[in-house]
């Protein structure tokens, strides 16, 4: 399996809404990292698709996305259960879905499994997804066991950038030591 | 591997008897979660089979089950070693066995391995099973290495429910944050 | 993979010598568990083979073994590098080697890999083997990654015994809660 | 998979430069272990290849290597992205690349994946590589999931040495208990 190329990736932002992020420092840290990765995605023209669960109740996506990014309401926990969202993912033409958002063990997990079944390579950025308390680690285990590749924002960023002379692409400041 | 569908599941309640649950808060927490999952199973018409080890010594199953649920004495640590219990499991017509109860590294583990050998997909709800002290984590490792899929009650519940409009099915209050 | 049957097992006691066990409580606990498992093996007529590294320097095996058990000096870290020890293992006619002793990441690890290469199913009893400090956990990881099945004394004991009516076979007291 | 033979190994020293090692005790410990393993490699005539990232900024390799060891500037995070470095690795004629250096989740990880893709067996010495804070453990997980074999200096050293009568080859003192 070669290194992950940004040219094959799309970013999937799952339910990054206030209703799923408490004041828990772990939640806010994950959200900051997801926002940082989304910013890098914009720099590299990595397309994005965002989902929202009951936006009238849970609020709007709290991450800045490129203009024109589809933001779709998701009545199923897993995005692949909603045909227009799966179609929006397919419309990007990319083969590797990078997941950020919430919650690790419910909507992120179910979306990851559904995307695997739909034929995508699926990568979850473990420090840019969130579920309260013990449920985050449990969700990571569920995803890894299901065949989802885990990564973290720093490793993925350097994998996307690939060469020393392109380091300036990384957004600064970053929410971790570059 | 697709998401777990409640229509294919049966709940296997293994030795959820007072003799295997001390006053250890971890034990009582696991029992509460097993009871919660059993309640959801009843809501979704997921059939159940319960086993008991020496009920005259260890007491009766401490979880409410649907009327008519088979409750069978298990003279072997693994349920598949007792033909009438394996038959009761087969009689449900379901292909995925979800295990809760005690002890993680003995009767649950041996039952899981036996059900895998009998051709079932086997899922252990890691926060609804119990063994004292270090033996719980050891038992989980043994099961995962043997090919048992691990899950936790919250993830499985949302996987069974699948859509936002059916959230009201989840029993409330729950022994964890829904 | 079915449950482990004692009829197919042999116990391999690796360098359970004073020179490899300090006064570290973790070492003494592992030695006590190895001794307990060896006692159960004797009850069940599970044959054993023991190795010793430089017994004139490291002392004699500190675990009671059945009369007639081969105790062989091992000039290689891995037992399979010494033909007469590998032959003694083969002479038991058993297909599953259960390893206890020291050190987890050196002689136990190398012996496990060698026995796998020689065609045995290899099980390491993780709480009956020892290496100082961090090296124990590292060694367990090395073995699991190499294809060695890990178990612990309690789980293996119940797997060997298999039925409730044979529980009296378990030696008492045990160095953990039965 | 047999034990690792030193006759098939080469040591790959990745960016072991002051710019990647802070005063963090974990960094200095990893560097000491890498230096120890490099010393053993010299004793066993295990060839080495070293890479450096921006040496004018990050300084020179801080580990003693055998005279004649290629030390090559690496403009890509993964060494396989730089053809002359990959060629230097191939020129050793060895099939197993043992990695030490920094950083675990960036240059070591990307180099490991690239070497796997190039057909090498890849082993990372987990206690002789470094990345700050949480990034070390994350990087180890990334590598293991990618198919890299993890080991630690002590286990690998005894695997290379193989017999008790060659123990004197191990450099003393060692930065851990031999």
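The first chain written gets the first letter, and so on, giving A, B, C and D; residue counts start at 1 in each chain.
The rule is simple: a contact is a pair of C-beta atoms (placed from the backbone, for glycine too) under 8 Å apart; a residue touches a chain by one contact, two chains touch by 3 or more.
If you're wondering where the values come from, they're calculated on a predicted model, not measured in any experiment.
Asks: Return the chains shared as contacts by chain A and chain D, ordered by label.
Replies: Looking at chain D and chain A together, no chain touches each of them.
Asks: Look at both sides of the chain C and chain D contact and report whether the same residue positions are involved, with over half shared, or different ones.
Replies: different
Asks: If you fit chain B onto chain C using the CA atoms, what's the rotation angle, as a multiple of 5 degrees?
Replies: 90
Asks: When the centre of a chain is set as the mean of its C-alpha atoms, what distance in Å lies between chain C and chain D?
Replies: About 32 Å, centre to centre.
Asks: Could you state the distance in Å from the CA-based centre of chain B to that of chain D?
Replies: For chain B versus chain D, the centre distance works out to 46 Å.
Asks: Got the chain D residues that touch at least 2 other chains?
Replies: Within chain D, no residue contacts more than one other chain.
Asks: Chain touch graph shape: choose line, ring, star, complete or other and state it.
Replies: ring
Asks: Spell out the residues on chain B that touch chain C in their complex, using ranges where they run on.
Replies: Going by the criterion above, the answer is residues 53-54, 74-78, 81, 105-106, 109-110, 113-114, 117, 132-133, 135, 138-139, 141-142, 145-147.
Asks: Where on chain C does chain B make contact in their complex?
Replies: Listed in rising order, the residues of chain C that touch chain B are 1-3, 126-127, 144, 149-152, 154-155, 158-159, 161-165, 176-177.
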